[in-house]
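Down below is the structure, laid out as structure tokens.
Should a chain be cited, it is by its letter among A, B, C, D, E, F, G and H, assigned in written order, with residues numbered from 1 in that chain.
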Amino acid sequence: MVFILNGKQESIEKPLSLDALIAAKGLCPEKIVVEHNFSIISKEDWPKIMLKDQDMIEVISFVGGG
Amino acid sequence: MVFILNGKQESIEKPLSLDALIAAKGLCPEKIVVEHNFSIISKEDWPKIMLKDQDMIEVISFVGGG
Amino acid sequence: MVFILNGKQESIEKPLSLDALIAAKGLCPEKIVVEHNFSIISKEDWPKIMLKDQDMIEVISFVGGG
Amino acid sequence: MVFILNGKQESIEKPLSLDALIAAKGLCPEKIVVEHNFSIISKEDWPKIMLKDQDMIEVISFVGGG
Amino acid sequence: MNMEDLLALGGRSIKSRLLIGTGKFSSYPLMKKALEVAQPDIVTVALRRVDASSKTDNILEYIPKSCILMANTSGARNADEAVRIARLAKAAGTGPWIKIEVVQDQKYLLPDNLETLKAVETLAKEGFIVLPYMSPDLSMARRMADAGAAAVMPLGSPIGSNRGVKTRELVEILVREIKVPVIVDAGLGSPSDACECMEMGCAAVLVNTAIAIARDPVAMAKAFKDAVSAGRAAYLAGLAASGNKASASSPLTGFLRNEIL
Amino acid sequence: MNMEDLLALGGRSIKSRLLIGTGKFSSYPLMKKALEVAQPDIVTVALRRVDASSKTDNILEYIPKSCILMANTSGARNADEAVRIARLAKAAGTGPWIKIEVVQDQKYLLPDNLETLKAVETLAKEGFIVLPYMSPDLSMARRMADAGAAAVMPLGSPIGSNRGVKTRELVEILVREIKVPVIVDAGLGSPSDACECMEMGCAAVLVNTAIAIARDPVAMAKAFKDAVSAGRAAYLAGLAASGNKASASSPLTGFLRNEIL
Amino acid sequence: MNMEDLLALGGRSIKSRLLIGTGKFSSYPLMKKALEVAQPDIVTVALRRVDASSKTDNILEYIPKSCILMANTSGARNADEAVRIARLAKAAGTGPWIKIEVVQDQKYLLPDNLETLKAVETLAKEGFIVLPYMSPDLSMARRMADAGAAAVMPLGSPIGSNRGVKTRELVEILVREIKVPVIVDAGLGSPSDACECMEMGCAAVLVNTAIAIARDPVAMAKAFKDAVSAGRAAYLAGLAASGNKASASSPLTGFLRNEIL
Amino acid sequence: MNMEDLLALGGRSIKSRLLIGTGKFSSYPLMKKALEVAQPDIVTVALRRVDASSKTDNILEYIPKSCILMANTSGARNADEAVRIARLAKAAGTGPWIKIEVVQDQKYLLPDNLETLKAVETLAKEGFIVLPYMSPDLSMARRMADAGAAAVMPLGSPIGSNRGVKTRELVEILVREIKVPVIVDAGLGSPSDACECMEMGCAAVLVNTAIAIARDPVAMAKAFKDAVSAGRAAYLAGLAASGNKASASSPLTGFLRNEIL
């Protein structure tokens, strides 16, 4: 099963929840916001979301900007 | 019966056609355009238009402008 | 005998020294400088200068300027 | 015997007049002005001037300028 | 100036890059003289209610027949009013050329880009040759061009202010980025302002007040005409770059030092 | 432009208010074409040591006979050198017209007003028609005029910089206060710069680099010629004042409101 | 500067009229130092996809906790994208403050006023405190204010160009006519540019590039801070009018003539 | 601002780069307050005949004792008069500091560079610390520096005109070429003008009218003080260059396209 993370296709064998994905990627929950198929998912809901085939996930954080 | 000519109310007793009105006002047909109740009336149709109560007539011509 | 003080002609009967003139005019020695016939006279020399006919005296002080 | 022409030292054996020098250099009299030891020499006087040792000659002409 | 340098506009080949407005002249005969010396291809006029009582002349009789008449929609406060005026103008005989002018702000007479865009869309569809007077903004100028504007006419400064090309920074960008001709309209106060616009690469300029209220409008019209062709010629001839240092235009003559080389 | 508007200068009546310098042209024939289209009355040249080895043409053959030749003293670093060059130029046949140019500063080529003044005094006494290139300073310009300068020629910006009239504030004061003609020399980079000078009331402008190094010097010469007459005409025609607010050039048409009056 | 002169914006009382952008600093610690000396109340940040591979720090840790964080929507090419980024930013914790930046043009990064207006309408309804970066156009600025923008942020010149307030003519009109604060954003290259904006009556300025890429960003941040309060103070203190003539600041001392009065 | 950034002038280390003139204040007490907030190191005064009848205060009592008093020679029309006033001022107790101001022109109050130079030569020899007010001309500024001027003070625009640095082109050249400090005197109308001068690299500015006739001279004095240090700090911090294109200060966020990389 494949999904798109920040524009890159990735594939997994066994089921994976959003928080497991974040953890696996070693991303710091405090500094990011996650969008799952165009809807923003609050941290507390990450465990409830199980990735499905073709899911599109965006993980965003702040950078310098004017 | 009353009508509005260029924003001024006027009243008449007997029926009057657009071309008769233009003539009565001494306006030169070549240099004007006439709007009757928001639709533009070409010169040849002036005789066909008989003024009705509350009609709104605009008679416009060119002036200097930038 | 006449002399010119700041462009105005004045006349006196009896001899007059510079310091007497300054005193007579009620000018405050601290804030002025005195020029006698185009040479600057220091305060201590004022008593030594006796006015002569046609002497030209300028009494100058500071004012605002850019 | 040596002389300076436009800043360059040159030497000659036998006597030479200004007009001979100009001719020898192939310069067109119409377009130049000649200065001999800081005085301007008119064309008619060129033949009269015999070069002397250490003479300084400037030959000038017009060029583009703003 | 190169005879072949014509401006393609509204399907016509325009020779004069000086468009002239007819407002504010002290008299029609004076205006006529000014137009005769300036020889514009395009002249703007406005519309107004006829005053039956006053017997004013017909301005059209004082505009050379050879000129393209372009009515403006001055007085319009929104797209609908502009469209209505445009249709009246066409019916009145100015043909398809229309300068869209939609103004809400009565103090600076600045154009309303959004209502102007709407009017461009409607009138271009109806076959008008549409020249919108606009506030110099790249995104709206693009939309007007895409909607069928024959040209865009950004302001140099407020109408009648004679302040010159105060919007140069933005107008230069329009010139580089917009695919239709850019014609600076409003605010040009002197021939050097008009010349500067042409040197920047503008396709043309529209001038009214600076000519009409000059002490001698006829001579001023001629001055603008010459300045516009000078500026256009300079643009075509390739202006030299400017620098921060000096660069001698004359040889730094050597002989004065009398140095022995 | 008014045929009677002639510039009285050095006892002559000058028709063209565009003086042209002859430096930096890529070739003499090209320069000749530029002069033929611009039709200047006064053309500047410089002096240089003849290089016997090189067989360059005589520049004078490429300058219309009708032009007044004015040699400049470029290369002079003080009054004495300027005087020496002026005398050489006269002997070489340019007649009494001389542009004094005394420069110490080799980076910006800015004129030395004090040495320039001394050269004016000497040469005016010798009967030269003296036009000093100067830094725009009222007190020195007055002295040059009193010493017999036929005109004063303040710089617009450094020679060859094409930066325009960066000294406008001071040049405008010279125009109002100096009794001899004020001719802006140096730095004018585009026809609009020259036009602006003329609108300010300058008597003329002297241009060289901007024409000589343009992509098309002949077309650029024509552009400067037209811009100068446009600017002069505008000055004579009386430019309208500029304001901070807008002022309608069209009637703010009433009929759109349909109000009952 | 008067302690009571606070800017009411988004329901807050803002003390510093210098808003600072966080892009382009060579390091976060350097940026932190600059923010510490400039003491802005409002600081802008951007959003970007996390790169799992790179372990970059969290910029928020380098911004004083006292600052209001305002995310921008840079990268958005239309209203929908801007709205989406705004919601993400809010979810990510910047709260309700959002700088709308919708850019189609990648060369000059000029804002798209129409798409920006749409984003203002949507986000203001959602309770965001919306500050739109916009092209200085009165009609669109009015619409943005009417749609609930907390302020309008016209550009001085293109982002990062450091060219200053090239749009002064139009920005001055916004200051006079728009009822919400006018904050000049983009293009300010030096403290004097920022000072000039404040003297014009702008409510504040937003600066990023000119500070971030200065040789010494910390000192430059302080310089901008001081120039902004100087300009604001001058505006409040009432600048004297400028004139064309001189007016002596010293008495023209009489005694030197030695005239007998 | 860097504590070590002191201006070496006349053998002193000057902390404030804002020199203040004392003319035109509506009252001495008001002037005193302005000087107390601006904390200038150098303050200028003028001389005048005492009017025995009027009992005006002594201005010196309203100037902080810590200030260096610098008398000006206003009213002088030539070098001799300037020298005479300088000597009177010294006798009156201002010490060796003198601002030379020689003016013939009563309309624009422009300095006479030649007479000013003569006064510099005489007074420098007599041990005065001479700061000549001058018309920005490189050759004369060099001579004044060579004659012993402690600094040169070119005008920004006519005295009291509040027009700003209209002579920027020439002043910038002085800053680069003259070995003594360049202090812009006259014409600065707003703090941003003063800030701009400092950013250009001027050593200091002298302001009088713009402060004295402001609605609130005390607040304006503070504004000028802050703007001057801001401009100086910016100069030291290295202003970034300006460009013609935009340069993004935010990443052009990629995620919005949802492209598959």
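Everything below uses one rule, namely that a contact is a pair of C-beta atoms (placed from the backbone, for glycine too) under 8 Å apart; a residue touches a chain by one contact, two chains touch by 3 or more.
Only a predicted model underlies this, so the values are computations on that prediction, with no experimental measurement involved.
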Moving step by step through touching chains, the smallest count that connects chain B to chain C is 3
Shared touching chains for chain B and chain H? F
Reference chain E; chain at largest CA-centroid distance: C
Cα centroid separation, chain C vs chain G, in Å, comes to 62
Starting from the mean Cα coordinates of chain A and chain E, work out the distance between those two points in Å. 56
Centroid spacing, where centroids are CA-atom means, of chain G and chain H in whole angstrom: 30
Taking each residue of chain C in turn, which ones touch at least two of the other chains? 6-7, 58, 60, 63-66
Out of chain H, which residues touch more than one other chain, so two or more? 21, 23-24, 46-49, 72, 74, 84, 107-108, 110, 159, 163, 208-209, 249-251, 254-255
Residues of chain G defined as touching chain C within the complex: 249-251, 254-255, 258-261
Residues of chain G that touch chain E when the two form their complex: 104-105, 107-108, 110-115, 117, 135, 137-140, 142-143, 157-158, 163, 166-170, 173, 177
With touch defined as at the start, can you tell me which chain F residues reach chain D in the complex? 21-25, 28, 31, 44-52, 56, 58-60, 71-72, 74, 84, 87-89, 91-94, 159-160, 186, 206, 208-209
Contact footprint of chain H on chain A as seen in their complex: 4, 6-9, 56, 58, 60, 63-66
List the residues on chain A that touch chain G in their complex, please. 6-7, 25-28, 30-33, 35, 38, 40, 42, 58-66
